[in-house]
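First up is the structure itself, then whatever we jot down about it.
In order of appearance the chains are A, B, C, D, E and F, and numbering begins at 1 in each one.
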Amino acid sequence: MKVTVCRKEHFNAAHRLFNPQWNFEKNQQVFGKCNNPNYHGHNYELIVKLTGKPDPETGYVYDMKALSHLIREHVTARMDHKNLNLDVREFEHLNPTAENIAIVIWNILRAEIDEQLALKVTLYETERNYVEYPAD
Amino acid sequence: MKVTVCRKEHFNAAHRLFNPQWNFEKNQQVFGKCNNPNYHGHNYELIVKLTGKPDPETGYVYDMKALSHLIREHVTARMDHKNLNLDVREFEHLNPTAENIAIVIWNILRAEIDEQLALKVTLYETERNYVEYPAD
Amino acid sequence: MKVTVCRKEHFNAAHRLFNPQWNFEKNQQVFGKCNNPNYHGHNYELIVKLTGKPDPETGYVYDMKALSHLIREHVTARMDHKNLNLDVREFEHLNPTAENIAIVIWNILRAEIDEQLALKVTLYETERNYVEYPAD
Amino acid sequence: MKVTVCRKEHFNAAHRLFNPQWNFEKNQQVFGKCNNPNYHGHNYELIVKLTGKPDPETGYVYDMKALSHLIREHVTARMDHKNLNLDVREFEHLNPTAENIAIVIWNILRAEIDEQLALKVTLYETERNYVEYPAD
Amino acid sequence: MKVTVCRKEHFNAAHRLFNPQWNFEKNQQVFGKCNNPNYHGHNYELIVKLTGKPDPETGYVYDMKALSHLIREHVTARMDHKNLNLDVREFEHLNPTAENIAIVIWNILRAEIDEQLALKVTLYETERNYVEYPAD
Amino acid sequence: MKVTVCRKEHFNAAHRLFNPQWNFEKNQQVFGKCNNPNYHGHNYELIVKLTGKPDPETGYVYDMKALSHLIREHVTARMDHKNLNLDVREFEHLNPTAENIAIVIWNILRAEIDEQLALKVTLYETERNYVEYPAD
């Protein structure tokens, strides 16, 4: 049977939620205070989950130190202490909701991890709001 | 692929576990100190999870503010600072175990949420005891 | 210099806040939903702090296992899975606010612990409401 | 003896750390990635602590619901989902470090709370960085 | 539909990660500081999850007190305050990675729990590293 | 008025509590399972607190990044993934209780930090046991 290994990392970023094809009133109605033109921000907690069989020689599904380095190199280095709307290419034309941030991170990491391993990400925007991608 | 969005809310309530068809000794044997006739209580932490496709215009599976309001209107307003056995209709003839509270909350919320969205609830009775409904 | 050692325990209890010398309306105005006549409840987290010099032979200010047993014997056994208003003698004529519960617990423990050791208690009623006694 | 009552609230905000009297290189050297010109952000957790004697009629040092409303009206409403540098008057000429945010919040609340009650604030910028004002 | 009930327990243990068929350099290269010959240690948090239908007479899938006792008798009593490599038989020839500890615990508990109930374990080695077995 | 800035770091270590001047039975009686000759271990959480006046040019009492590096260089690098009894010089003749570990860490850091700044350390051995040094 397979084991899932999970690694938690964090990054702090600013963002603004809005749809550029709508006027300010429509954006305000849909996104409320998340539409503040001067941005607001969050401490994002990111959990990356890999599922596979433990290697019989190491007992590891994936080396957690290596997973931490991979996340830091490909995700955290690009998003930590950044403005997601202005500083991260993937959100130039994509609204940085928690859902979309999780999908972007999954796509970045999927390209770096052996296809034999299933990949899921959980992203906490606050202690009380979080998303999982892909859904079970 | 689909995304799961999760919202955490809380409520504080009193309850007593017992089966009215059993005598006190049998209830004491099965439920122990949870059978205290004068009730005891908990800080319940409730996580509501909805699974679906993000709306391409908003990037939302479901607006978290709207989900919070929905939970507060239909669940929290009826259970917070209440005695589950005496004040909440659904437990008039149903033992308010964590399992049953989760099922009751799921039934309440299922009626309020578009059937396109899958619904799950997780309920923490204490930091060390919690339930998930429906099971994966 | 002295060291403070801290031990965290928990208990789950029901309570109701009200002043028996006031009518229901006055109680409702002051205590709001905490005045529910059928009670509500909490998972209380209790931190007991003792300050003194480490014993040179053990390196302990106080044995944490012994402190845990002391709290369980004198506090938890009397308050866990109880109704504070109905089941705990000290609240027969005292409103079980977090402030008063902390004072009662401090008085109980003060009688059991060597006077050479300073004693403080912190009591969490919820994750967002807590009290410290005595104040610094 | 006196009791300290503590209430935790939160707000999410964007900010940038820099000294406008320094050039970009000096700011980068001192503030590093916190100097990102496009801002970054945090989930701030704020704990407000009041110390006084419990009122004998209520058992309260201060009504926690009232304290929560006071913080929300005077602090959260002004800082939540804002850019501290651009949207909050007090930081027009003051660097919004955790230290300075705590001092600003203390000054705001001190004006609203009876002088008989001692006031302290603790501000978490991340789970691993926080400040207390005034110091013990 | 079925409900999953979850119980969290903890144990504190020392361990060392290494493969006895490799020399020290190879072990150091693969396991890094986890290969310290004098051991290091962790506070392990263990979550045991059982899935089944609530009993109509009790409202329980499984009595949480009984589940806690079962875990303490069969897992905690054997691993708490132990050296996993030296004191726990199952790791005499098995590297005590989080993955392998979870599998060992699952095998121990599977033998004690009715086959009608599905069993999963989650094991936190640190706040930031954890594993789930079996994977979904 | 002064501000206290706090930085949290962690390390994972093995240890054994015993007094070499006592026989095994006496050690077992006093230290119980903490006296396991093969060691056990913990995830230690360390909070370092510095009190002083914010620098008017930076708004910092102390740069948190610098404080993190200082702790990692002088404390974590020496204690993380180590056996405190065997690998850390200061415990060669000192029992590594939480109290003594906190005092050792304070002495290490006191030598590295400007005397103008007051220094305190809090050390969590488990979520439920922690110590503060020096006491208030």
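In this section, a contact is a pair of C-beta atoms (placed from the backbone, for glycine too) under 8 Å apart; a residue touches a chain by one contact, two chains touch by 3 or more.
These figures come from a predicted structure and were not determined experimentally.
Engineer: How many steps does it take, at the fewest, to get from subunit D to subunit F if each step moves to a chain that touches the one before?
Structural biologist: Tracing touching chains, the least step count from subunit D to subunit F comes to 1.
Engineer: Measuring between Cα centroids, which chain is at the maximum distance from subunit E?
Structural biologist: D
Engineer: Among A-E, B-C or A-D, where does the D-F interface recur, judging by over half of the contact pairs matching in residue number?
Structural biologist: Going through A-E, B-C or A-D one by one, only A-E repeats the D-F interface.
Engineer: Which chain lies the greatest distance away from subunit C when centres are computed from Cα atoms alone?
Structural biologist: A
Engineer: Centre to centre, by mean C-alpha position, how many angstrom separate subunit C and subunit F?
Structural biologist: Measuring from centre to centre gives 28 Å for this pair.
Engineer: Can you list the subunit F residues in contact with two or more other chains?
Structural biologist: Correct list: 127, 136.
Engineer: What is the complete set of touching chain pairs?
Structural biologist: In this structure, the chains touch in these pairs: A-B, A-D, A-E, B-C, B-E, C-D, C-F, D-F, E-F.
Engineer: Going by the contact rule at the top, pick out the subunit F residues touching subunit E in the complex.
Structural biologist: Within the complex, subunit F touches subunit E at residues 10, 12-15, 33-34, 36, 38-43, 80-83, 86-87, 126-127.
Engineer: In their shared complex, at which residues does subunit F touch subunit D?
Structural biologist: Subunit F reaches subunit D through residues 1-9, 49, 51, 54, 57-61, 63-65, 68, 118, 136.
Engineer: Which positions of subunit E touch subunit A when the two form their complex?
Structural biologist: For subunit E paired with subunit A, touching residues are 17, 19, 30-32, 94-100, 102-103, 127-136.
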